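The two complexes that follow have subunit A in common; it is paired with subunit B in the first and with subunit C in the second.
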Partner chain A sequence: MLTYTIHRFLLALVTIWAISVLSFAIIQLPPGDYVTAYIAQLASSGVDVTPEFAENLRQQYGLDSPIWVQYMKWMQQIARGNFGRSLEWQVPVMTIIGDRLWLTMTVSVSAVVFTWALALPIGIYSAVRQYSIADYIFTFIGFIGLAVPSFLLALILMYVGFRYFGANIGGLFSPEYLVADWSLAKVWDLIKHLPLPAIILGTAGTAQLIRIMRANLLDELRKPYVITARAKGMSEFRLILKYPVRAALNPFVSTLGYLFPFIISGSIIVALVLSLPTIGPLLLKALVAQDMFLAGTIVLFLGIMTVLGTFISDILLMWIDPRIRFERRE
Partner chain B sequence: MTNSPILTVDNLKTYFFTDEGAVRAVDGASFEVHAGKTVGIVGESGCGKSVTALSILRIVQRPGRIVEGAIRLRRADASGKRGEVDLASLDPEGAEIRAIRGGEIALVFQEPMTSFSPHYTIGNQIVETIQLHQAVGKAEARSRTIELLRMVGIPRPERRIDEYPFELSGGLRQRVMIAMALSCNPKILIADEPTTALDVTTQAQILDLLRDIQARTQMSVIIITHDMGVIAEMADDVIVMYLGRVVESGPVDEIFHAPKHPYTQALLRSIPSIFAEPRSKLPTIAGSIPHPHNRPSGCPFHPRCAEAMPGLCERHAPQLLPLSPSQKASCFLYHEPEEVAPA
Partner chain C sequence: MTEAKPPAFEDALVASAAEERVSVATQWQLMWWRFRKHRLAMISALVIAAFYLVAIFADFLAYADPHKTEAFRSLIAPQPIHFFDEGRFSPHVFALIGKRDPRTFKRVYEPDPERKIPLRFFAEGYKYKFLGLIKTNRHLIGVEGGAAEELIFLLGTDQLGRDLWSRLMIACRLSLTIGLAGVTLSLVLGVLLGGISGLYGGAIDTLIQRVIEILRSIPTIPLWMGLAAAMPRDWGVVQVYFAITVILSLIGWTDLARVVRGRFLALREEDFVLAAELAGVGQMRIIFRHMVPSFLSHIIAATTLALPNMIISETALSFLGLGLRPPAVSWGVLLQDAQNIQTVAISPWLLTAAIPVVAVILAFNFLGDGLRDAADPYG
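Our next item is the complex of A and B:
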C-alpha cells in the first residue's frame, strides 16, 4: 500500500508539471499579448501610443524573449513562491488571489458538504423504497434540480430573499465586514452567508448524485451478500448501511477529485450573479484582459487541486475497498 | 415418525406479483422436517425450491410474498416453555423472526463467490453473526470464530480469519459459509444448492463435512438440489417439487426404489449411469418447464407426462395424498379426483 501511495504521488507530481506547461501554453494561445490589449485600451481612451513605447513595455514584461524562456522564468519564480505580478492590477498575483482562494475553498467545501448530506440519505431512501411515493417525489425534484440552470436559481432565491425576508443576500459578507479585519464576528457573518451559495451551487450536483446513488444501490441490493446478511438476522437498517451502501460509495469517492474544480469553473456565472468574491469571476476577467500571470496562476491552481483531489480519492478508494488494495499489491 | 416434527410447512403459497400477473412460485407446498434428519428437496430449476427456503426465513424479496399457508417452528420461548411459532404470520422485519434467522434456522447459499461482501474480512462477517445472536464480547466471538473455521476444515484459521473472501478458493469459501451458518448452533440448516458451484471433488468434501457436522450437532438439514446423486447421499426424506407443488414425498429408499409419481420416475430415469449401454441416448423428460405465466390447468405436469389421462389430468388438480404410512404422491394414477373440485 505504501509503495502504491508513493507511486501515485510521483505520478501526481509529473501530472502537475504537465499541467503547468499546458496552462502556460493555453495562456499563450490567443493572438496578441497583454501589451496589445493594454495599448488597445489606451488607444480607445484617446492616448497616442508609439511603437517604441509598446516595445519598451514588452521588454519590461519580458514578452520579447522566446516562449520557453518565458516559461522557465515563470517556473523559477513560482518555485520561490513568487507567482508574478498581475499585469492589469499592478500588484503581486498572490495579493489578488490570496483571500479569494480560501473563500473559494470554503464555498466549494460547503457546496460539497451540502450535496453529500442531502444526496446520500435521499439516494439510499429512494433505492430502498423504490417506486414509493416519496421516491417519485424525490425523482421529480431531482430532475427539476438538474434542469434549472444554477444562475437562474440564484436569481430566484435572491429575489425571494430580498422581497420577502429583506435580506441582503449577495456576497459572502455584510457591508460592515467587507473590509474589516478577520475576527470571530466576521467568521460568523461568513457562516451566515454560506448556505445560499452552497445550496445554489450544490443543487445540480445533488440531483445528479441522488440518481447515481439510487442506481448503484439498486444494483447492490440485488446481490447475494445482501440476502446472506439478511439471513443472519441483521436488522434491515444496519444491514443496508454496512453492506450495500458501502459498496455503492465507490463512485462517490472516485468523483471527489474533480468535484472541486468543477464547482469553481461551473460557478462563474453564479458567482457573478451573487457577487461572490471567489476565483471564478477573477479567472474570467484575467482571461479577457490577457493578464497572463494571474490567469496562469489560477489555471495552475485549478489543475493542482484536481490532481490532489484525485490523489486523495485514490487513497480513500483503497481504504474503503479492499479489492483495490489487493489488486495494487501485486 | 413417532415424534412431532420440528418444522412443519403447511400449504405454503408464495406468489410474485408482477405486471403480467401473479407468478405462483410456491403453490401449496406441504412437508415436515424432523429433528436430526435430513430432508432433500429436489426438482428442476424454477420449481420453487429456493423460494420455499427463502419463505421459511421470511426473506422473499418483493414483489414476492406469502399469500397463504403456515410455517410452524417448534421452539422453546423465552421462559423455556416449549411451543410453536408460525413463521408465516410474523412481521418479516420484526425482532422475533430476526432472532430465528441465523440463530435457529441458518442458510447456506449456492454462490460462495458472491454470498460474502468483498468489503469485510470473513472474520468480521462471522463475528457479526455471533454477536447478533449471543451476548458475547468481541474477543470471545473471535476465538469462537477461529474454532468454527477449524471445525469446518480451514487450515491455519487464526490467519485466515483476517482474510477477505476473494482471497479464498470456492471450496474454502463454501466452508466459511457453512462455518458462519453454524456459528449460532442452529436447529435447522437450510443448504440451497450448496455444491452446485463447486467442482466434483470439492462437492464430495463439502457433503462429507455437512454430514459429519450433522452427526455431531444433531441438527436438522434441509438440502435443496437438482442433483439426485446429492439426494441419495444425504437425505433421509425426499420431497419432489414441480412448479411450486410437492408431487411426491417419502423416505429416500422408497423414492429411489419405488417412485410413484411419473415425474419422479422420469427424473430418476434421466440420471446417467455407468451401467447404461454405450452410445445409448440418455432419457430426458419430454418438453420443458412451462412459462410461469402460462401454467397448465389441472395437474401442472400433465403436458409432459407419459401417463397423462386425457379428460382427467388437465381438468382436475390432484392432491398430495398418502399411498402408504410414509409415502405420499399427488397423481390420479393412485387417487380418484374429487368430483366437486374441478380446477
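Our next item is the complex of A and C:
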C-alpha cells in the first residue's frame, strides 16, 4: 500500500512539473515578451520609453537569458511565493487570484458531491428495476445530460429562470454580500447559491456515472452469490446494498480521477455564463489581454488542483478496493 | 416416430442454412447485420448523413448572404412561412413593418397580414460557387426579384442583421468538418503511439502510458484556452482552423491510443498471430494484414465516440471567442452572440444554434454505441 501511494505521489509530482512547463510555454507563446507588452502599455499612456530603459527592464526580468534559464527563474520565484505581477491590474498575481481560487474549489467539489449523490441512488435503482418506466426516463435524461454541453445548459437554465421566474440566477452571492467580509451569513448565502452551478457542472458527469453504475450493478446482480444470499432468505434491501453495490462501486470511484479535471475544465466556461466570481472569467480576461503571468499562474493552479483531486481519488480507490492494494504488493 | 421426422429434419435444414450464411459471411457482413438491429444507431446514422448533406449544400439551402450586414434588419424575430392561402397551397411570408417603440426606442418589427409575399422554389439569390467550382445563384427558396434577405426571416436575424437560418446552414461546414479533421489527426497520433506502446511494451510502453496519464490529468479547457489565445490575431480563417485542429487533437489522441494499445496487447497473445509468426511472416505484414483488420472495427467505433467531444470543444472555444473567429461561421461563433443573459432574454432565437449541436452530439453518441456493439460480431 505504501509503495503504491509513493508511486502515485511521484507521478503526481511529475504531472505538476509537466503542467508548470506547459504553463510557462503559455506565458511564452504569444509573439513578443512581457517587456514589449509593458512598453507598449507605457507608450500608449504617454510615457516616453528609451531603448536603454527597455534593455534594463529585460535584464531585470532576465528576458535576455536562454529560455530554460527563464523557466528556472520563474520556478525559483514561485518557490518563494512570488508569482509575478499582473500586467493589466498592476498588482501581484496572488492578490487577484486569492479568493477566486477557493471559490473555484468550492464549486468544483460541490459539483462532484452532487454528481455522486445523484448518480449512486439512480444507478442502483435503474439496475434493480431494469426496463421500468423510471429506468427509461433516467436513461433518456442521462443521454440529454451527455449531449448538452454544460455552458449551453447554463444558458438555457438562465433563460428559463429569467423568463419564467423573473430572477437572475447567476452569481455566487446575493448583492448585499458581494463585497462584505466573510461571516457566517455570507457563507450561508454562498451555500444557497451553490446548487445551481453544481447541478449544471455535474449533469454530464452524472449521466455518465449512472450508465457505468447501472451496467456494473447489472453484471453483479447476475452472479451466483446474489442468488445464494437470496435463497438463504436475506432481505432484498440488505442483499443489494451489502454486496453487489459494494462490488460495483469501485469503477465508480476510479472515474473520479477523470471526473475532477472534467469538472474543473467545465467550470471555466460555466462560470463565465453564470458570472460566478471564480477563476474562469479571470483566466479568459487574462488570456485575451495577454496578461501572461496571470494566465500562466492560473493554468498552473488549476493543474495542481486537478492533480491533487486525482491523487486523492487514487488513494480513496485503494482504500475501498482491496484488489488494488494486493495487486501492487505482489 | 417416423411421422415426426420430416418437420424436424426441415427445421434442421433451415437452421443449418442460417448457420451456413453466418459461417461464410465476412466480418464486415456480420457487423452490418448486427448494426442493422440497433435501430437508434441506424436512425442516428441517417441524421448524421443528413447533417453532412446540409454542409455540402449549405449555400443552396441558405437564401441570404451569411456575411451581409444590414443595420435596418437587426434582431428580427423568426417569421414563419405560411404554406396555405385560403385552402390553396401557396407558400408565402408576411411583409414586415419596422417601427420604433415610442417608450423604449427599440426597433420592433410587425408582420403585415395584408402584404403576402409568395415564395419561389429554386429561386435566384446571391451568387456563390457550388462546391467551390460551379458558379450559380440558385437557392432552395427565395422570392421573385431575388432579394430574399429583405423578406424571409425563418430563424430571425442577429445583432448585425444577418440572417440566422443562412448562417446556421453555412456554420454546419466548419463545425462538422473541424471535428473530422481533429479526429483524423488524433487517430494518426493515437494509432501510432498506441501501436508502438502495445507492440513493443517495456520502457517505451511505460513512458507513453505515463505521458497519457499526465495529459489526461491536465484540465483541458484552460490548456486549450491558453494555446488558442496564443494564436496570432492576424491569422486567417484557414490558419486558425488548422491551429484549432491541432490543439484539439493534442489531448484527443490519448483515448484512441489507449484503445489501440489494449487491442494490440490482447491480439499479441492470439493463436493466429503466433501461427503467422511461426509461418515466417514479417512483422509489418503481421500487423497490417492480420492484426489491424481484426481491430479496425473497434477503432472506428472509438473514433465515432471521440467526434462529439471534438465538436463540443470547438463550440466551447469559439463560444469563448478563442476558437474560430468571425468572419468564420461555426455553431460556436453563432452562440457567441448569445453569451449574456440580457441578449438571450430579449432575443432567444439567438440560441437556435444550440439545437444542431445537441442533435449532432446525440446522434454521434448513439451511432458510436451501435458501432461498438457491432464491432464484436462474435461476442
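In the analysis below, the second predicted complex is superposed on the first by the 276 of 330 C-alpha atoms of A that agree within 3 Å, B and C clash if a C-alpha of one lies under 4 Å from a C-alpha of the other, contacts with A are read in each partner's own complex, and residues count from 1 in each chain.
Going forward, a contact is a pair of C-beta atoms (placed from the backbone, for glycine too) under 8 Å apart; a residue touches a chain by one contact, two chains touch by 3 or more.
Remember, predicted model here, so these are calculated numbers, not experimental data.
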Where does A:Ser235 make contact in the superposed view: on subunit B (first), on subunit C (second), on both, or on neither?
-> first
Is A:Tyr243 in contact with subunit B, with subunit C, with both, or with neither (first, second, both, neither)?
-> first
With the two structures laid over each other on chain A, which partner does A:Arg163 touch: subunit B (first), subunit C (second), both, or neither?
-> second
Give one of first, second, both or neither to describe whether A:Pro175 is in contact with subunit B, with subunit C, with both, or with none.
-> neither
Based on the superposed arrangement, let me know which partner A:Pro66 touches: subunit B (first), subunit C (second), both, or neither?
-> neither
Touched partner set for A:Ile269, first subunit B, second subunit C, both or neither = second
Who wins on subunit A residues touched, subunit B or subunit C?
-> C
Complex contacts: residues of subunit B adjacent to subunit A | 54, 57, 59, 61, 93, 97-103, 106-107, 109, 111, 114-120, 128-129, 132-133, 164, 166-167, 177, 180
Sort out for me which residues of subunit C touch subunit A in the complex.
-> 210, 213-214, 216-223, 225-230, 232, 308, 312, 315-316, 319-322, 335, 338-339, 341, 344-345, 348, 351, 354, 357-358, 361-362, 365
Partner subunit B, residues of subunit A touching it in the complex | 223-225, 227-236, 242-243, 246-247, 320-323, 326
Touch list for subunit A against partner subunit C, complex | 11, 14-15, 18-19, 22-23, 26, 29-31, 143-144, 146-149, 151-152, 155-156, 158-159, 162-163, 168, 170, 257-258, 261, 264-266, 268-269, 272-273, 283-284, 287-288, 290, 295-296, 298-299, 302-303, 306-307, 310
